[in-house]
Each structure stands twice: as C-alpha cells, then as structure tokens.
Amino acid sequence: MRIGVLTSGGDCPGLNAVIRSVVHRAVVDHGDEVIGFHDGWKGLLECDYRKLDLDAVGGILARGGTILGSSRVQPAHLVDGVERARGHVADLGLDAIIPIGGEGTLKAANLLSEAGLPIVGVPKTIDNDIASTDVTFGFDTAVTVATEALDRLKTTAESHQRVLVVEVMGRHTGWIALHSGMAAGAHAIVVPERPFDMDELTSRVGARFADGKRFAIVVVAEGAKPREGSMEFKTAGTDIYGHERFTGVANQLSVELERRLGKEARPVILGHVQRGGTPTAYDRVLATRFGWHAVEAAHRGEFGMLTALRGTDIVMVPLAKAVETLKTVPADRYAEAECVL
Amino acid sequence: MRIGVLTSGGDCPGLNAVIRSVVHRAVVDHGDEVIGFHDGWKGLLECDYRKLDLDAVGGILARGGTILGSSRVQPAHLVDGVERARGHVADLGLDAIIPIGGEGTLKAANLLSEAGLPIVGVPKTIDNDIASTDVTFGFDTAVTVATEALDRLKTTAESHQRVLVVEVMGRHTGWIALHSGMAAGAHAIVVPERPFDMDELTSRVGARFADGKRFAIVVVAEGAKPREGSMEFKTAGTDIYGHERFTGVANQLSVELERRLGKEARPVILGHVQRGGTPTAYDRVLATRFGWHAVEAAHRGEFGMLTALRGTDIVMVPLAKAVETLKTVPADRYAEAECVL
Amino acid sequence: MRIGVLTSGGDCPGLNAVIRSVVHRAVVDHGDEVIGFHDGWKGLLECDYRKLDLDAVGGILARGGTILGSSRVQPAHLVDGVERARGHVADLGLDAIIPIGGEGTLKAANLLSEAGLPIVGVPKTIDNDIASTDVTFGFDTAVTVATEALDRLKTTAESHQRVLVVEVMGRHTGWIALHSGMAAGAHAIVVPERPFDMDELTSRVGARFADGKRFAIVVVAEGAKPREGSMEFKTAGTDIYGHERFTGVANQLSVELERRLGKEARPVILGHVQRGGTPTAYDRVLATRFGWHAVEAAHRGEFGMLTALRGTDIVMVPLAKAVETLKTVPADRYAEAECVL
Amino acid sequence: MRIGVLTSGGDCPGLNAVIRSVVHRAVVDHGDEVIGFHDGWKGLLECDYRKLDLDAVGGILARGGTILGSSRVQPAHLVDGVERARGHVADLGLDAIIPIGGEGTLKAANLLSEAGLPIVGVPKTIDNDIASTDVTFGFDTAVTVATEALDRLKTTAESHQRVLVVEVMGRHTGWIALHSGMAAGAHAIVVPERPFDMDELTSRVGARFADGKRFAIVVVAEGAKPREGSMEFKTAGTDIYGHERFTGVANQLSVELERRLGKEARPVILGHVQRGGTPTAYDRVLATRFGWHAVEAAHRGEFGMLTALRGTDIVMVPLAKAVETLKTVPADRYAEAECVL
C-alpha cells in the first residue's frame, strides 16, 4: 500500500506522534510505503512531499510541532483543486491519504472524500471541540500548560492582593478554561458557551475579598463575551500605534473588575505557549493510537472515516458526521466546575 | 446531611482533590457537614476524626498524599469491626460515608454496604486496574512521572551504548508500563498479563543493536514474570545482608540480558516517586468530578455505589460489581503498543 | 535574641525559603524568638506581626509567594515613620530586623540602619540587578520559567513560519532576557542596556529566513528601547478602551518586524508567571543560605549589612554600598550570547 | 583554525550545549573548521570523527546526552597511544583539541598536553567535584531532578508514616546530596566526606517521630559509609541470583533504620535519571559559556588550560592544577545544611 500523510491547521502537540505511528505501523507491520506532504493541503495540491521511513521519524515522538509543516486551509481554494489533488494521488499511486487536522481540515477532508479520494482523517485540536471523539490529542497538553501557569500565578496573586484574569485558548468553546480552571482551583471560569454577566462576576469575585481572602484568579477563554448590555465590550479597535487589533477579553475584564472592585486587577494572556512543545504522556498515547488505527482503517478500506476515542476504545466515525457540530461545554459540566471553585 | 470521608490503601495523587471537592460541594452547595476519618478504616473503627470545613481543605487541590492519612485495610479485621463501625456511624449521626480507595478498600466498602451502612465509594489506584471505570485518578500522574524518567533515560542510554531495564509500578496489571512505554517510545514493554519469553525478548532487543542502534529501553511492570521455563526466576530470596526480600524483575532481567547480549544492561527502579507529588491536571479534574458526584449520589440516596468514568461522563456503578474482576491489559491494546515501539 | 523578619516589594520565588531558614537557624540553633511583620514595612510601621515558630514555617520551603505578604515601599513614607519604627522595635524588644527585598527595600533598609536600627538585609529580585551579589534568588526560577516557555514556543513558531517576539521581565536590566535567550537558543536578544537598532535587528532576523530557516525567536526585556531615531516608539498611550497604558515593547517590535519583513510576527508576553510558583532547587538553596547567614550576622552584631553570594561563599557587604549602583549586563556578556545565538 | 572536539566519561546534561557553542563560535565568528571525534578518546586514537558544521549542531542545545558518543577513558591505554594521537592530530591538521570530560578525562588531557598536544579542556561532572571551578554544568540538572523526586516522595512518605532513604549520585563527594537535601528540606543528609554515625542518625530520625511527625526523608550520597564500628556494612556481596554486586548504602541504611526504629523504612535509588535528559537553563548557559571561552583560549594560544567559573566570570586555569584535588563538601557548608533540615 502507498499512504500519504499531511498535517494542516494550527499547531498541536502530538502531530509528530501521529506521523511516527503511521510510519511505524504501515512500514514495519504492513510493508507499506509512506510519503508526507509538506505544509498541509498545499503540499498535496503542489505535489510537494518527501518519503517517510523509520529514520525520518526517529526521535520525533516527544517533539512538539510537525516535521511536515502546516498551513491554514482555504476550503474554497481546495474545492478548485480537487481535480489537481486527484491527479497527484493517481500519479503518486496513493492508496490512502491521512490528513491530520482540526475542523477546517476535516471539512476539506470530507469534500475530497465525497469527491472519491481515499481519505482516513485524524482529528486534531487543542480546543477539544470535535464532537465525534471524547478527546482530541493536544488538549491535555494545553490544559497542563495552562494549569502549571495558574499554579504559579496563584502564589504571586496572593502575595500582592490582586485579581489576575488569565486568558486561555478557546475561540468557540471553553474546554481549556473549564479543565485548567478546575485543575488549578480558579475562583471563576468564563467560557464562550455562556455569556458572562458582569454584575454577577463582580459580585462573585468581590465576595472572596469580603470573605477576607487576599486574591482571586479568573480564567477566561479567549472567545468569551459578556451578556448583551452587561458591560461595554469591543471585539476590535485601533491600538496605540494605530493598528486594527483583536481586543482581548482578559484586558477588558481586568480593567472593568479593577474599576468595579477597587482592587488591582491584571490580565495574563498565555498565548502560543499552550500549543507548542513536548506533548504530555496522555497526548502521546492518544496520538499514537490514532495513527495506528488510521493505518488499519486504510487497510480495511474504510475510507471517509475519522479516528475517534470512545471511552477507552478507538473507533471509526464518518467524516461527514464529525464536522456537523462543534462540541461545546454542556451546562452540567459547567455546573460541576462552578460549585467547587 | 452529615458525611464522613476517609482515604485508605496506598498513596495516590488526587486524594486531596477528592476530599476538597466533597467538602466544597457538600458544605457550600448543600449546607452539609463533613468529617474526615484519620488513617482510613482505622479512623472509622476507632472513631478518630476531625471536622472538615472550607479552611481545612484550602490549598490542598494540587498537593500529593492525603491530609487524612491512610493505612492498609485488613478485611478480616474490618469484618470483626462492622458492629463497631455501625455504632460510630449512629453516634456521629452520619448519613453517608465516602471511602476513597483501591481494590481492597472497595471490597471492604462493599462488606459494610451489604451490612447496611450508607456507602458511596470513590475508586483510587495508580494501577488503573479497576474494571468498572475507564480510568482512575492517580494513573495519569504515575504514567507522566514514568514517562519523564524514560525521556531522561533515553539520552543517557544512547551516549553509553547500553540497555536500560526500567521497572514501573503494576503488581497485577501492566497499564503503567503500557502507557509510559508507548509515550516514551520504549523498545520493549513487559507486562504481568503476558509472561515474557526470554528468548523472544532477547532477540527483540538484540535486533536493535544488529540494526546499528546504540541503546535499548525495556519497560517492565514490577509484577511481570517470565514464561515457565523461559529463564530461571526468583520471586524472593535472601539478600546480601541476610534479609528475605522480594526480588525485582528489573534486576533479574538486566542481569540476564547482559549475559545473553554481551551488552551492558542496567536496572532502574522508579519506585515510590510514581505515587507521590502534585497530581497532573487530568487527575485533578477527574478526582474533583468524582468527589462532586459522590456527594450527589449520597443526596439522591444511591448507596452501595461507586463513582466511575465512562467516556466523558461520571456514572454510578454497583460496588458489588466493581470489585468482581481486575481490569487487565487486553491483547489488542498490547498489540497496538508492540507494533509502534 | 528577638528577631523581626519582613518581605517587601515585588513577588519573588524563594522568599518563603528565607523566612523558613531564618526561623530554623534562629529558633532551633540559637534559641531565639522570631516574629514576622505583615505586608512589608507597613507591618513594621503599624506594628502588625505574628510569631513565627517551626510549625508556622512547616511546608513552605517549596512554596512561591510569601506567607508574610508584601507591599511596595514608599521611601518618603518610611522616612516619616523612622521614629514610629524605632518605637515599635523598642516596644517589641527586637535585637535585629531582617528585611528581605529588592532595590527599594534595601534603600529603605539603609535609611533605617543609618538611623540606628539593627538591620541585616537579604537581597531579593528576580531581575538579578543588585550589584553586590553574584546572583539573587528568584532569578534562576524566572529564567527557568522563561526558558521552558521559549522551548515550547520554538516548535510552534517552526510549524507556521513566523517570528515570535517574546517579552520577559527586566525593566532596567536584561539579565533574564540574556540567560533565557542563551538557554533556549533565541535568534536575537534585546536588552535595556543596549538600545536596539531596528535596521540591524531586522536584518539579523531576515538573514535567518534568507538562509532557508522557517522561524525566528526574538527575546526582549520589557524595558528595552530602540536607539534614538531607529523606529517610532511609544512608551505609553491610550488603549482601545480609552485607558492610559504602558505600551509593551514586544507589541511594537512585532508590528514593526511584520511590516518590514513581510512575515507573520506575534508578541508573547510572559508576565507574572515568571515571578510566581515553586522556586527552583538553585533558588531554594541560595535563599536558605541567605537566611542562615543573616541570622549569624545578627548574632555577631554585624548590622547595616547585606548577605551576598561571591563565588560559592556567602559574605556580608555594607548596605550603603549595595544600593549605589544597578548591576547591568556588561558588553562582554552580551557579546558571548550574541555569537552563539 | 582547525579544532577537534570530543566528549568522554559519564553522561552529563549540557555536553551538547558545549559542542554547539564551540561550533557556533568557531565557525560563525572565526571561520574555523570543527571536527568531532566519536566516543571520546577512542575516536582520537582510532581517527574516527565527523565534520561539525552549523547544521550538525542544530536543535541539540536542549538535548541530553552527547551527539558524539562517549566512552570511559583508560589512562594507561592513552599513554600508549600518545604517539598515535600526535600522528592523527598532525595528519588532520588540528590546531586545537577540546576534550570535554570529568576527572579522568582531564587527567588524560593533562598527559597529552604535557606531551605537547594543543589542549583546551572543558570540565564536566554532575558530581561538581572539580576543584578549580565554582560549578560544573550537569550538576544543577542532577540536583533539580533529585529535588523534584524528593518533593514527590515527601507527600507519599507522609501519608504512610514511613522513612524513605533516598540515594543520589556522588561516589566521592556529597554535593548532590547536600544541595538536593537542602532544596527539598530533607531531615538528614549523609555524605561521603563525613562517615555517618548510625546511633546519631537513628536518634536524629527518631526524634522526628518522638516529636509527632509522621515521616522522615534521609538523603544519602551513593558513596557514603558509616563510621568504623558504627554498623555492619558491606560494600559488595553476592546477590540473590549469585552475582557479585556493589551493595547500595540506601538499602543497608533502610534495613538498619527499620530495625532500630521499628518504623517502616524504604530505599529509593534515583540512579541514571539524574544524568540524562534536558539540561536546566542554568546548565545550558554555563555549558554555552564554557564552549565559547574554550574557542577563545585556543585562538589566543592558551593551551594546557581548562575553562572554569569563578563568581560570574569564566576564567582559564592550568590543567595540571585542576586535577590535583577533588572538591569536597567543607564542614561549614555541611553545618549550614544541617541546622535548617
């Protein structure tokens, strides 16, 4: 068999572990050949690739990033390129393509699959928002990095009597905020799924100080927004040097909390640190299993499918279903967190 | 409601997170009273306890160990003590008891439950061998600690051309060996579920050197044993200073590999480091959820049950079922690991 | 002997280790009494303190922050309070006061010492800018946290072909930037001691891309500034929501690099994470030694002095000298770093 | 200039950082050529080497081990090989040789230097026992790994009321034991420099339990021995499977403490984990500076010298002096530690 693999979309710890696993399983156990396309779908469209043998994947299991490079996918661009992709797949004699990517990548994968290309997808997102799998690799690493930062911030907030508003990743869903906030014992968790009421948040944080506590930690997902009318909120504006900028929620929240509470409040934006570096053991195991099962599915001819974790099993689910909805934080999970903060 | 909580059996990162979560949920949300028994079942039998309020559980979320202390349970001893326990429960006016523990503890919990005491169990074992739950807290921390050690050991093995045989925890099951071995890219994983064939293991490790590689890492669970007749193996003996000692598998395996391969082989025994210290974010979240749901079960009057993780949900399962069988590493999980080593 | 201890100024990992060490040495070995003033000099001026015995310092060695609390010192305020302080010292029967703090604190300490109070100072700053000691505790932790973040950021920059401009602490000196940049192999290090030339920096970073490299990491100290006329630069301005704000150098540098190079450039501001949390082993040892020697100096009657590290020895230096100049990154240290980037 | 570099002796985090720094400084700044000998002195004697350019040292700064491989030096073997080495140096046109190694390597380096070869040594030992430098790289990493393990072990000892005897590296000197023991707040530290009195140690540990404490941690350097007559002690013996074995001090100490105190006592042997893996930021900076200065010394023609840290400066010291004595833990440093345990 001849298999092509590519990584697409934002960076995510565990990508290299999937690539390595695909190569080990395919080459060692099945005697397959594996090639890797460079920079995501771009590599497929431009037929830019290299051969992946065991040496090519030596020492990458614990390394962050992706040895194949990545780029953001432009679905429209890809639609135009379906025929070109089909041509390259035929020329290269590929029996299967394994794209590793997030929502956008999987939508693109579904398009190509519906156009008849032999696709087995592997889901990837640090945000954990893909509905068809219990967990995606990269998420545990992001939560771990955020939790370690929160652990550190707790002591420094305490020494100086202040509120820290810590912004973690999560444009559309609050999974990282929920888990890191629970793990670190944050005093409020703000997620995109539930627009926050500024009065309520203020009184929650204020209650801690009224109680004699010296500090508070608020964890907020980058995509969180206030309830309509709850506070003035800008999503973009001109920054100090005249550039149009996305305006961070942590910045605005800390300004507003400081004004309302009369306590020093400071934003901390964790940023890209959450998506780089060595994956956790959990993510390496999950990524390795996904790679293994993607190869198996290809050998069974199960195309148009996606690897997914269900409980402790890896199962295959239809790509078409996987991209239908985003997995958001349900109300009962949020309630669990809230009461033990 | 009045709730008693206790921790029993071997140490496990996340115990304090459960205790904290029970107290937060019960005291803050339900207005309950919580007491903690000291040193496991011993505390219940001797009516040795203290009150647990919010201050008592401040700052313990990320701390290893257990603020309540623990001791190993003697089931026979407990059977004799059922009436005493019942008396103390009545005297203290307890509406629920939440024991947090491993296999032995849960068997004891089941005994007391069958004797009519209002028990909601929380499973705990770094070994991950409790059948009714997908995962137990403590396991992820143990795997993380083992993986970090393996990551470090890989570079030093490489510089000096040697075999390292690394013994991780797991008396009866190989989960820690399997996951840490997969995560770190070990070259052989030896688990109790599958007695190893010394010839096969030797040739596997030898093949690496024949291939020009400079080192090999073998991960072995402490309870692993050779296939009958495969090599001479002692489970105990007199040590150098004349004491009867449990004889480690890593010691014997490294001696045997060195003899057969003519390469330096060294044992490394990770030991107690795996069960102490700050729990990972994963374990803190799981432990917190278990505590939350144990309180809820008590309030619903669901006794004789155990909290369990199924997929992403926390569910309640009968204690009696939970202790029937040990969850061992199934053949297909072992096969997954083997092929990508 | 009766000793008062206080912590003042910004947070710094290792403060608790000093407090613990003072108490252990004084109480256990000398039979002294120790009290701790709350929230820095404020506690001394308001006679707000508590007794510190062995139990009070149990378990704090590895904890970030300070159990005594801290506040920024207002030197003018302190001058007015000299008599009040003297009165409290007399009333409490204190034979020695051990303030632990940075430049501001030590200047205040020197004032009080010249007014006749029995002071033994312990230097503290994560910035490492106190001239009289080779190193201050807290610095190694800050460098370690920054380096771990840089290690993570390297892989994510690489996967996406971009420049990351990482802002680390250092208002007046570039020690954290220098050490973390060297440790992580940054491609440019920008320090306050040497105003950067924007053309030179652009060509340095651009050269990497010309060379076929996919990313660049620039480490910049928060206090760094461009050479006069080298680029437009604002130190403060009105932010998007109309607040006057300190304008970060990383933000401006990344905007400018993106404009000049035509490559995506992003700022990452590490912030308070650098000064919180568990101190490194190095900082715990140094802090412990400082505490020990401060008590010894007090018992020898060596007041008006400061503990300092010289090579591997702890020595005492006059407070007056210690606060004269700031220790800046010398040209030859910067040159060392530059050539191996 | 043409420079040969080699790494010899036991593994040590930071070796790759030195190699990288030598190559960067020599190739980029001086336009030199650099070659690396494989497996230490063996590579020089057998003329087994490879060219080291910038690509060859890409990505190795934070990696443990050595890309050049290492082997233990046999001084006698080297003496016989002096003429062979001289021949290879001439054939290869080498202007300088930079051996990176510990005591044995530096003795060998001194021999070759006295025989007229152009040697600039770089000291390396995790044990920190080289007299002519304040610190060696690798030491901080070893102490950090040991301290993290001790931090973890503390919580698990506490939960179960036991003594843990933790053996760290240090055949001849107790630096790792001293620093990790101080950093982690061990309750006794046992070093080779001061044979321990078993009665004294027992009473020290026993006092903790008498005091109501639930556990004790004893850190012991692998080379520690009891005072003559203080307890029966074996340095080697036949193990359970009939092999002659070095007998660990932690094993014997824990057996003896358990017998004398009637408390469970367990040995934990950290082993090779201490010398592998990613170096700390501290070690990377020190190693990088050593490499830089070794190249500078070669260019100044300062041969027969060793790089050394003195305070914050890197200085050159004569190789002959450097190998005269071992740097042991002095009595006053031990006293400092003892009193704050």
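Residue numbering begins at 1 within each chain, and the chains themselves are lettered A, B, C and D in the order written.
Quick note on the criterion: contacts are C-beta pairs under 8 Å (C-beta built on N, C-alpha and C of every residue); 3 or more make two chains touch, one makes a residue touch a chain.
The UniProt protein names, listed by chain, are A, B, C, D = ATP-dependent 6-phosphofructokinase.
Computed from a prediction, not measured in an experiment: that's the story for all the values here.
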item: Chains touching both chain A and chain B, listed by label; value: none
item: For chain C placed onto chain D, the superposition rotation in degrees, Cα atoms, nearest 5; value: 180
item: Taking each chain's C-alpha mean as its centre, the one farthest from chain D; value: A
item: Rounded Å distance between chain C and chain D, as computed from the means of their C-alpha atoms; value: 30
item: For chain B paired with chain C, centre-to-centre distance based on mean C-alpha positions, whole Å; value: 41
item: Rounded Å distance between chain B and chain D, as computed from the means of their C-alpha atoms; value: 34
item: Residues of chain A touching at least two other chains; value: 151, 278
item: Touching pairs among all chains present in the structure; value: A-B, A-C, B-D, C-D
item: Chain D-touching residues of chain B, taken from the complex the two chains share; value: 7, 10-11, 15, 63-66, 69-71, 145, 149, 151-161, 164, 214, 232, 234, 237-241, 243, 245, 247, 251-252, 255, 266, 268-269, 271-273, 275-278
item: Residues of chain C touching chain D in the complex; value: 20-21, 24-25, 28-29, 61-62, 134-135, 140, 143-144, 146-147, 151, 179-180, 182-185, 278, 280-282, 284-285, 288-289, 291-292, 310-312, 336, 339-341
